[in-house]
Amino acid sequence: MLDYIRANRREVIAAVVLLVLLSLYLGTHPRGASTYVMTIWANQCLILGFAAIAQFFAVVVRGIDLSVGAVIALTNTLASHLLDGSAGAIGFGVVAVLAAGALCGLLNGLIIVFGRIQPIVVTLATASIFVGGALMLRPTPGGAVNYDLADALTLDIAGIPTALIISGLLVFAFWLPFRRTGLGLGLYALGSSEQAAFQSGINTRLIRIAAFTLAGLFGGAAGLYYSFVTTTGDAGIAANFTLNSIAAVVLGGVLLRGGVGSLIGALAGAFILKTIASLMFFSGIPSLAQPLFEGLILAAAIAIGGADVLRTRNRLEVFGR
Amino acid sequence: DTYRPECFVPAPETSTISYDAKEGPYKLAFVNGFAGNDWRIQAIQSAKAWADRPENAGKIDTFSIVSVGNDSAAQIAAIDNFIAAGYDAITFIAVNPTAFEPVIRRAERAGTILVPFDNVLDTDKVVQVNESQKELGALKAQTVMDILGGKAEKILMVNGLPGNATDRDRRLGMMSVLEKVDGLEIVEVVGNWDTGTSQKVAADALATHGQFDAVVSQHGSAGTINALQSAGHPIVPMGVDGENGVRMLMDELDIPGVSASQAPAMSAIALEAAVALLEGNELPQTIYLPIPQVKADELEAGVNYFPDLPKSFNTGTGYAECFPPFSPEEISGQNPSNT
Amino acid sequence: MSRTITPDSMMPYFGTVVLILAGSLYFPQILTFDYLSQQLQIAAFLGLLATGATIVILLGHIDLSVPWVLTGAAILSTALVGSGNPVLTALAVPAALAFGALIGVINGIGVAILRIPSMVWTLAVNSILLGLAVLNTGGFNPKGEASQLMVSLASGDVLGLPVSFLTWMAVSLAIVVFLTRTPFGRYLRSIGYNEKATFLSGVSTPSVVFAAFALAGMCSALGGVLLAGYANQAYQSMGDPFLLPTIAAVVIGGTSILGGRGGLFGTIGGALFITLLTSILSVMQIGDAWRSIVFGVIILAMLLFQTMRKGARS
Amino acid sequence: MTDPDKPLLRMQDISMHFGATKALNNVDFACKPSEIHAILGENGAGKSTLMKLISGVLQPTEGRIILDGRDVRLTTPRVAQNHGLVCMFQELSLVPDLTVRENLLLGAPGSGLGWLRSEALVKARDVLDRIDGGHIKMSARVSDLTLPSRQQVEIAKALMRKPRLLILDEATSALNASVVTKVFDLIRAERDQGTSVLFISHRFHEIEALADRISVFRNGKRVETFDNGDHSYNEIINMMVGQRIEELFPPKPPARADAQEVLKVENFSWDGRVMDISLTVHEGEIVGLGGLDGQGQGAFLMGLFGLLRTAEGKVTVAGKPVSVTSPKAAKQPDIALAFIPEDRKTEGLIQEQSILENLQLAAIGLKDLDASNPGLYEDTLERLELKHGGLELPVSSLSGGNQQKVVLAKWLALKPRCLLLADPTRGIDVKTKTQIYGMLRRLADQGTAILLLSTDYEELIQLCDETHIFYAGQLVSSMSGEDMTAQNIIAASLNVSEKRKVAHA
């Protein structure tokens, strides 16, 4: 147990911070820990959660994806065209939206690998392209999403918020098995040491492309879930998500230098970030002081992860690799 | 007849809405979107100023304000939270006009009254407070065309933030007037509702298109005027927004035209409407507030603009038809009872 | 200095020339002195920010607090001028620069001492600054305006050349000298490549990081002062539109986002290119969607061209 | 298939050029089945490059690679591994953030992007156990392992892939003698089962003990291939360096009675990992620090250089007590310490920068020193005969030995009073070693205090005037003169020394 905590220290810190913040939130909420309150909370957490997972896949291979928000905007606007009508049409729509996200990621990956350009720079440029696409699909916000489907995915099942069930599925049905595949391992290897991965016989190009495709796919999932929560399409949502997704993965213990962290951490980081924002609702902090407090709590939460450094005895250790 | 129609002016062909009266005092909330721009800050301040006025303070049990950023999912969550916490009415500036159907249903079930304003919703199920954006656009365009005697060759139009419904409507309002002018060339640039950006794009337009007969602009018009000045452009009629700095420039430079704005004090009217509804009054579903406008020759320091206040201050401190406009001191929260 | 003029850093200059020529096919006015000097004036704002960003990127970091350092400096300087007190008015610009330096040092502390990735620490600092600005405006509403100095810095001209451009060039030159003639410049690049080895060579790397972020903060603050002078006022979120173009200008100028390689010469070209591209897309009145797409595609094309050129050579 | 005369692998007319550098020039090379074939050569002779060609990391500029009589194109390590060509690289191919198990599974045969198959782990575990790696846990993170443990894992990883041709490129450089013996047994066993082995080492006695045949490389060419035993040590050295090397180690001068104390350390402790170390270096002395890897001797050197927080103890340089809190403080003229870190590639040098920039990095910013004056470095570089294509080229264009010369020159420019060296000759060829030894001796004669950490006991015996052996953070034994024998050093390293037992009794 202690070994486990030590090995996954970052995730454990993230989980503790999340629990503290969540109990603060529920403690200040007049309604307390009810299904309704938990559902509201979980829904918006999960959107950022998907975005953070998208960012995680880019970061774990030592990249950064500045197009996460743009992919969300693009897929959200696409969803607002495709998620209404017959069951068949909606089913196709869901697949098409996810595929569109994956395609954006694939494009990023191909340019990064074959253009040999830094991911952060590539995605800075493609973000602009994707936002353009989103604006084309939805010059102004609008469109509709089937309410029944939206309700099914954003309310609760037997008192448990659907968003939490989805989060659980992501962890247990997707992530834990995925981590035991060659691809899952390859992502970490690539991010931790590209040379070692290459010399071990890993197809580093393929893995990097796959990582960015996964990033796109989860960006698409974020866009899709955003569509369910808001039942509409909006091209203007890109900017926030990108930076928040980066903050979220860092809060969740994912190292920006690659190779360390997990999808669980990314999810936890996203939940932390959204819980910080939710804290403001019933905190009683004067409205004009709220943004400052949000900023301060964010800085503090980030600094907790960094506090480790002050304990290192060897000055060289802080440099990492 | 609806309640206080001089203030809560019905939009053309709108329906009416009323709810069962509730006993006060009420729990009210204002859910803002982004906080980091002057207009929004002033809207928050206006809402607080309204709540601090003695005639309103007595009706209020709790008044909460939160800002959630440009994320409609977060805004939905905030509204849901206040519904869950048993608030009586929630006003908000919608981040996205079409995202609130499910929330409206949940509010209805919980008996919470929603009053969106400024960025309103594409719905007829709740009372919403706004100025007619199309009218606002049309007013500016019409005024300058009137000054020009209905004839013009080239006009500069500085638009707002792309992808935004308010921007769309204001532009459509302007176009509805300008399209009818024969042979008019309309040069459109995107100013993002931002003084610096407006100034840049206007400067570029001036450098490449030469002279214009008139200018119509959305928020950020001071930049447009600066650009005209530094390009040595002659004074032409302008339809501009209502920031303090714009009115100062207009008066100083004798620019003919009109300054018409979306007033941040609208946040107070929304609260007023929410309370009216809670008290059982009937209101129009869509309320079009009278557009606060000042023609160039009516500009007067200390009355409709304030040389002692920042240029980014929004002169729309209230709607005289509804209640006495706030004094700048009230808005800046200089009074001690300030939460 | 000669080392900073690499083929990569020449790219944006070629791009700029191509843009001007291609643009002039649609608008002959683009070739006029007025239009071009106006672009120089406007490019100075982005250019100053990009100058600061270059320093930080050479160091191997990134500064996402640019928008609200800019806004904060603008609010601070205009508030001081707005006080009407001549002493405070005279202090407006130095105070804004000091503010930028202070925030830079705070950025540096998070990055160099707490070892928090600059990408998130500066982001957090940015939101704290936003919070302060919101709180501050709510508090007392200073009457703000730009001083004569600020206005002439932003909008004046000398012999037909915009003062803002000359200021930008002067700042760039000063920093280039600083980077090439003092150990600081060498330390900066060395840290960008390999911080550990630099530290082991007996360099106080934290002080270099502080100084770099402080310099960058001062550049952002100066950008804010100029922008406030240009618009003759400060307003909230005046910096937000600058964040991503700033980074784009630096990388188009051939500076490696990983640190170490690159220089200010390329950044100047990058800022000119981005400014001109934005301007031409704007005056061509292309729809918003296409404007965004074309912008992305052109930047991508420039970057691909740079790597292809290298690929072809080796 | 196993016709002993038909080579398993043949390289024909192989050339490999990196820009202007001709790492390999028209090399013909063959490796027979079931043989242990040692490759010898100076630093930069092209050994690693050849191995990288065989293992698919690099593709030759020219030439053919023939496996089992058929031409093959080894485009990636994956392809090479599928052919049974497995390499244990000089720069380890372990991923630091993954666990041992995950590293072993990474790219293991049979597991693509899909489900990982862990059957082969049994073999890896067995190999680890057989080479004294029993203590290495499958769940340990590689970055937490010591360098020797990592090399053990690397060996297991290579053998787990059932190689037909196994390449060991300085694979045992960090292992101690007893483990090396076991590794050799294992390699012989593999050979006996039909595996061919290519073996690169700079430790001559290892080659003597293991190799069946030997190929010597020089300047990108194969000089000769012969059976082990056909040539004497001296002949082989001459083949390698193309000239005669008379003496590897410079003669030790007699101890001077009046020698001043240059560096004195008293009761140095840190974090429970270095305990109560006291030692003195006199003028003209080279003092060695020995012991198994990671016994605190490395940390001790770092501590002297101001790299350890909370270090305690008293340090006196040239009679003045000093307090060193950072490398910057350490290099100031009033203290004048210099530290040559163990990992020259990432700690000693900035690979992307030019040789000249690297040379200047420590000197710039120091008062009374003009870093841009080439005279500061010239002397050292000439003495060490730095081989380079121009000082403005990136330092990464140099081979390891030449990189080490740059690190030395960079610090010697500061005229340090005291030189701390962490295993400066690891992986360095004979000739370069000679030059470095000569250099160190000269510096000592000129009054520089030299503390030399080494894993090579030859070095301690032949070069040092006094040697201190570390065990578990403590200084367990100090010896000088006649006492310094291989037996004594090894015994002290394992903390079974006679002296110590006596002391305890």
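Note that the chains are named A, B, C and D in the order they appear, and that numbering of residues resets to 1 at the start of each chain.
Keep this in mind: a residue touches a chain if its C-beta (ideal position, glycine included) is under 8 Å from a C-beta of that chain, and two chains touch if they have at least 3 such contacts.
For reference, the UniProt names are A, C = ABC transporter permease; D = Sugar ABC transporter ATP-binding protein.
Bear in mind the structure is a predicted one, so any value in this text is a computation, not a measurement.
Asks: Show which chains lie in contact with subunit A (ABC transporter permease) and also with subunit D.
Replies: Both subunit A (ABC transporter permease) and subunit D are touched by C, going by the contact rule given at the top.
Asks: Is the number of contacting C-beta pairs greater for A-C or for C-D?
Replies: Contact tally favours A-C.
Asks: Return the chain whose centre of C-alpha atoms lies at maximal distance from the corresponding centre of subunit B.
Replies: So the chain farthest away from subunit B turns out to be D.
Asks: Centroid from C-alpha atoms only, then distance subunit A (ABC transporter permease) to subunit C (ABC transporter permease), rounded to Å. What do you get?
Replies: 29
Asks: Cα centroid separation between subunit B and subunit D, in whole Å?
Replies: 72
Asks: Report, in whole Å, the distance between the mean C-alpha point of subunit C (ABC transporter permease) and the mean C-alpha point of subunit D.
Replies: It comes to 45 Å between the two C-alpha centres.
Asks: Report the inter-chain centroid distance for subunit A (ABC transporter permease) and subunit B in whole angstrom, where each centroid is the mean of the CA atoms.
Replies: 34
Asks: Indicate the residues of subunit B shared as contacts by at least two other chains.
Replies: In subunit B, 35-36, 41, 44-45, 162-163 touch at least two other chains.
Asks: Counting only residues that touch at least two other chains, what does the list for subunit A (ABC transporter permease) look like?
Replies: 135, 139, 288, 290-291, 315-316
Asks: Can you list the subunit D residues in contact with two or more other chains?
Replies: Residues 307, 326, 346-347 of subunit D each touch two or more of the other chains.
Asks: What's the contact topology between the chains, one of line, ring, star, complete, other?
Replies: other
Asks: Mind listing each pair of touching chains for me?
Replies: All touching pairs, sorted by chain label, are A-B, A-C, A-D, B-C, C-D.
Asks: So in the complex, which bits of subunit A (ABC transporter permease) are touching subunit B?
Replies: So the residues of subunit A (ABC transporter permease) touching subunit B come out as 29-31, 34, 36-37, 40-41, 43-44, 47, 135, 138-144, 147, 150-151, 154, 226, 229-232, 234-237, 239-241, 274, 277-278, 280-282, 286-288, 290-291.
Asks: Could you please specify the touching residues of subunit C (ABC transporter permease) with respect to subunit A (ABC transporter permease) in the complex?
Replies: Residues 64, 110, 113-117, 119-121, 123-132, 134-135, 137-139, 195-196, 199-200, 244, 247-248, 251, 256-258, 288-297, 299-300, 303-304, 307, 311.
Asks: Which of the residues in subunit C (ABC transporter permease) come into contact with subunit B in the complex?
Replies: 27, 29-30, 32, 34-35, 38, 42, 45, 78, 82, 130, 133-134, 137-145, 155, 227, 230-238, 240-241, 279, 282-283, 285, 288, 291
Asks: Can you check the complex and tell me which residues of subunit B touch subunit A (ABC transporter permease)?
Replies: Touch list, subunit B to subunit A (ABC transporter permease): 30, 32, 35-36, 41, 44-45, 48, 64-74, 76-78, 80-82, 84-86, 95-99, 101-102, 122, 161-165, 167-168, 338-339.
Asks: If we count contacts the way the header does, which residues on subunit B are in touch with subunit C (ABC transporter permease) in the complex?
Replies: 35-38, 41, 44-45, 162-163, 187-190, 192, 194-197, 199-201, 203-205, 207-210, 222-223, 226, 230-231, 245, 308-313, 328, 331-334
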